[in-house]
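The data blocks that follow each hold one structure.
Each of the next two complexes has subunit A plus one other chain: subunit B in the first, subunit C in the second.
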Partner chain A sequence: MRTFKFIAPAALALLLSAYRPLPTEKAVSDFKLLATTGRMVSLADYPKAKGFMVVFTCNHCPFAKVYFNRLNDLSKKYGALGVPLLAISSSDTVNFEEDGYGKMKEKTAKEHLTFPYLYDGSQATAVDFGAKKTPHAFVVWKENGKLVVKYAGAIDDNGAEPEKVVHHYLAEAVDALLAGKAVDVPETKSVGCTLGIRAKK
Partner chain B sequence: MKLRTTLAAAALVTGSLGAQAQYNSLWIPDTLSGTTFNLYMKDTFVQFLTGNQTITAGINGAFWGPTLIFQKGDTVHMNVHNNLNDSTTLHWHGMHLPAVMDGGPHQIIPPGTEWQPYWKVTNTASTFWYHPHLNMETEAQIASGLGGFIIVRDSEESALTLPRTYGVDDIPLVLTSRSFDASNAFTTFSPYGDYMLTNGTMNAKTSLPKQYVRFRILNAELERGYNLGFSDNRTFYIIGTDGGLVDAPVAVTRVKILPGERTEFAVSFAGDAEGDSLDLMAYNSGLEFGFPGSEPSTSGAFGSLLNNTNFKVLHIYVSAATSGAVSSLPTTLTTNTYLTAADATVSRTLKVTDGVPGEGIGFRFDSTDFIMDTINKYVQLNTVEKWSVTNSNVFGHSFHIHDIQFKIISRSSGTIPSYEDGWKDTYYLHVNETVSFVTRFNDYADPLHPFMYHCHMAPHEDGGLMGQFVVDSATTGVAKTTESAPDLTLYPNPAKGTVFVSTSMQAYYITITNAVGHTMLMLPRPNLMKGIDVRNFAPGTYYLTFTDDKTKQSYTRQFVKYADL
Partner chain C sequence: MTQKPLLHKWMLLLVTVLLNSAAVHAQIIGACTAASLSGRIKYGGDTIYVVNFWATWCAPCIRELPEFDRLNTLANGAPVKVLLVSLDFKTEYPVRLNTFVQRMHLKPEVLWLNETDPNTFIPKLYPDWEGTVPATWIIWSKTGRQRFLEGVVDALQITTLLSNG
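Entry: the complex of A and B
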């Protein structure tokens, strides 16, 4: 299909808004994925959790790399408050050998990751969540027995320079939910490497 | 379909533009020379604005790649590693080489794959470049920062008294501009950027010595043209066009350069005082309709804060002369022998059609879609041809043809500007104009892999303003054969470091894939004497597919790679 650039701007704006699906307030399915510890992990393993931070990330992407320390911090802080963090790599390991399960195990040990790092080899979980980039963060909250997306997007607004972060989008969303409030900014643009979904054979 | 996101960014960008008065030092790309070049294409990021970094792609770096220095006569071997998330191609713009090495839309490199084209450098000394050329994705991939310069040197140019010290008095300048959305990501909603990037540097400044300085200018824009000149309107001297030196320096005060084009000029700072400053400017205000970037809109689908304005390209401080300063230019640079219309035995016409606003069909050649498996023109090897390209539609274009350098022989709009009176591979095709050029298609015939001709404005190219031709000869036809079991053996098998191919066939192409179907290596016309280096492969089973040069039939053999002991 051709993108034709002589469409009037107003018409294009309409087209864009019509194409934009609402990422939040949608329910997602639980998953059961292999962690780098060798165990299978699903959200049902956390009956006491109020909700979760689910972060799609990977080993190879330079923008994903700069966030692993921050994921450790978020995991420590909010895990204790009943909101565990789980990281999922749905990267196409045919393209990126660096994202293979063995390399994920190495990274977990080397960087002392304190959260489950899960291997989504079929990419089904990424498709269910609608993850587009690495990293791409989601807050899912338990609501009437469902897992409802309350935030989708970037972790914060400065990848390489954490000391210059102005908006901690992911943490602020969790803070609001823990306080029983609505999330101020339920959606931001995730910034990072495109998460390629391999076509089914 | 690529959707362009974020319309709210323009306001934010306008706000921060005023706060950007400070200059940044011009970045000069590193050089690579020799005959083997390792290029690693990868996703990365750059701090362009305050706040979040911008996701980019680079070659051996973060935005824009190294400058490759070739010597005419050398055979250069390229090891192109695609470590991007996406498939790509790498095209050697302006180089004369076999179509299978050209890096056009057909030489697709899957992610994680190494492609090894090679060719003998036969172009004369000039400035060329390399960039992705993936069908429908060229705009996105060039926008992300993929590309680099190629400088060809030869003995004739080297014998001239011209500035030649890279980064000192021989300055490569790649011109482009970008816009950002609210999260500081590039947006190509408009192909015209709000921020000028000179060698990837915003608000670029540099010091240049008090002597003749040579500029190698490349327009690597998505769509914008530049009408270059100096802020004091000083005279400068065109010494080269896309494909080589001009006969003698041409004095000008302005030069127009469209996407894909290069120009080389020399300018003297000898009369300036040390510490003086001046600007290389884009005098883009008040230009003719159809010049890309002449549109008045500052926002929207074709909007930009730089549209229809004069803006700085490079802020220059004059510094002390260097020891090897060039103080005067040669009056004669070379003696080009150009083909003329009388030499042409084949004449072709091409018309830019469609692209009428509201009708929903993009620009095309001769009302024909670009289709990957359709060859539009067949050219006989060693033929001299005259091509006349007519543009009677709504906008200007930047016409480019692969494989060859040509000479423009006429412009229906008037005279040929003196600054393009030389070897060209790309030119500005005005609204309501026919431009004719003459060229010879020699050396490389290949009935399978075509060369491209297209508009070098990336949105136009991606939208279908592209066609393809094969260069054919009586001896290169694809032979029909009924041969069933060719002699093709791999040894040693299992292999440790090197796999040898035993066959009586000539290899047209070899690809190696691993057990899960990932392409590891792509080898166009490989020299098999020294075998194939598989040291970097993980232990496992691999499949080698061999395409015979004569029949273009492909055969697959399996081999096993053992771990190194």
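Entry: the complex of A and C
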């Protein structure tokens, strides 16, 4: 009995540590965020969209910087197919002044961004999605009136050398969903700048 | 005939590079793969490896780096080996990474991770790593025990972990 008492909590702890809910297949809430155009944007503004690519990114992070061109391409291609791309910056702008709203506006103009670049000053959207770094990409699909995460992770498998990309993880997830199929690789590991979430006061 | 002057030029370049590196006692930054790094750690005898994943593009990482110099001193006597593993892009290796390491006067061994796809290399290292940097991985080679810390750490925190086994 004594050993059982000891073993049971240990087994439970082991079970709990092994159980990690998948970030995919969870529902996220819509948001209403200020875009660099000056407008407030939410997913409800796109009644005809089948789903969305939501990419947490920022101005300052070199790992995020190398992807803006690719985001432009993805936005053009999949926007036309009913899957718009929205980029969200949830950076702590005290630590990274380069990520401030004014600088985001400058980047939007300078790099001719073809997608809404949204400022998540409260970081609430990043917390809701479980975004951990920049870039961190998600595919959200409309399912029974809900917004369900179908993919979370990297944009593709090669940050520095776009010409050497083998797996276009984000695009492949959208392709599968558009074809009515399940996503082959719903989660990938990715590297990026830590999205420091401020402690709640 | 055109080969010879070219060869001379290369020799001269080589000598210059060698002289320069000798003068500043710079370490030569080696490249590693996820497989070679995990192999090295696994067969490390009684060494306690403290592996810090960082990049020159990561501002909090750069602020944290001097802590690993301090750790080298604090861990005096313990079989601790610090490895600073850079996740920098290929375009930064070796020239810009070398320059950076020299400027920071980093004493621990620096390695460059020659990998491109985190979805492939993270599972070979520590599968539960979220992929954020900085991250610090402690491996007690003798027992196989591991700790993985994402976020900024300091030397005291690591030495406390080490002394608690």
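The working rule: the second predicted complex is superposed on the first by the 183 of 201 C-alpha atoms of A that agree within 3 Å, B and C clash if a C-alpha of one lies under 4 Å from a C-alpha of the other, contacts with A are read in each partner's own complex, and residues count from 1 in each chain.
Assume contacts are C-beta pairs under 8 Å (C-beta built on N, C-alpha and C of every residue); 3 or more make two chains touch, one makes a residue touch a chain.
Note that the structure is a prediction, hence the values are computed from the model and not measured.
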Is A:G121 touching anything from subunit B or subunit C once the two structures are fitted on A? First, second, both or neither. neither
Applying the document's definition of touch, where does A:P162 land relative to subunit B and subunit C: first, second, both, or neither? neither
Answer with first, second, both or neither: which of subunit B and subunit C does A:V191 touch in the superposed model? both
Can A:V94 be said to touch subunit B (first), subunit C (second), both, or neither? first
Check the residue A:K132 against both partner chains and state whether it touches subunit B (first), subunit C (second), both, or neither. second
Of subunit B and subunit C, the partner touching more residues of subunit A is B
Which partner does A:F63 reach: the first (subunit B), the second (subunit C), both, or neither? both
Could you tell me if A:A154 is touching subunit B, subunit C, both of them or neither one (first, second, both, neither)? both
For subunit A, which residues belong to both interfaces, subunit B and subunit C? 61-63, 96, 154, 157-161, 164, 166, 188-189, 191-196
Subunit A-touching residues of subunit C, taken from the complex the two chains share: 55, 57-60, 87, 89-91, 116-120, 122-123, 129-134, 150-151
So, in the complex, the side of subunit A touching subunit B is made of residues 1-9, 12-13, 15-16, 19, 61-63, 92, 94-97, 154, 157-161, 164, 166, 188-189, 191-196
Quick one: which bits of subunit B touch subunit A in the complex? Just the residue numbers, please. 1-7, 42-45, 47, 50-53, 55, 85-86, 110-112, 136, 181-185, 191, 300-302, 355-358, 360-362, 459, 462-464, 516-518, 538
Sort out for me which residues of subunit A touch subunit C in the complex. 60-63, 66, 96, 132-133, 153-154, 157-161, 164, 166-167, 169, 185, 188-196
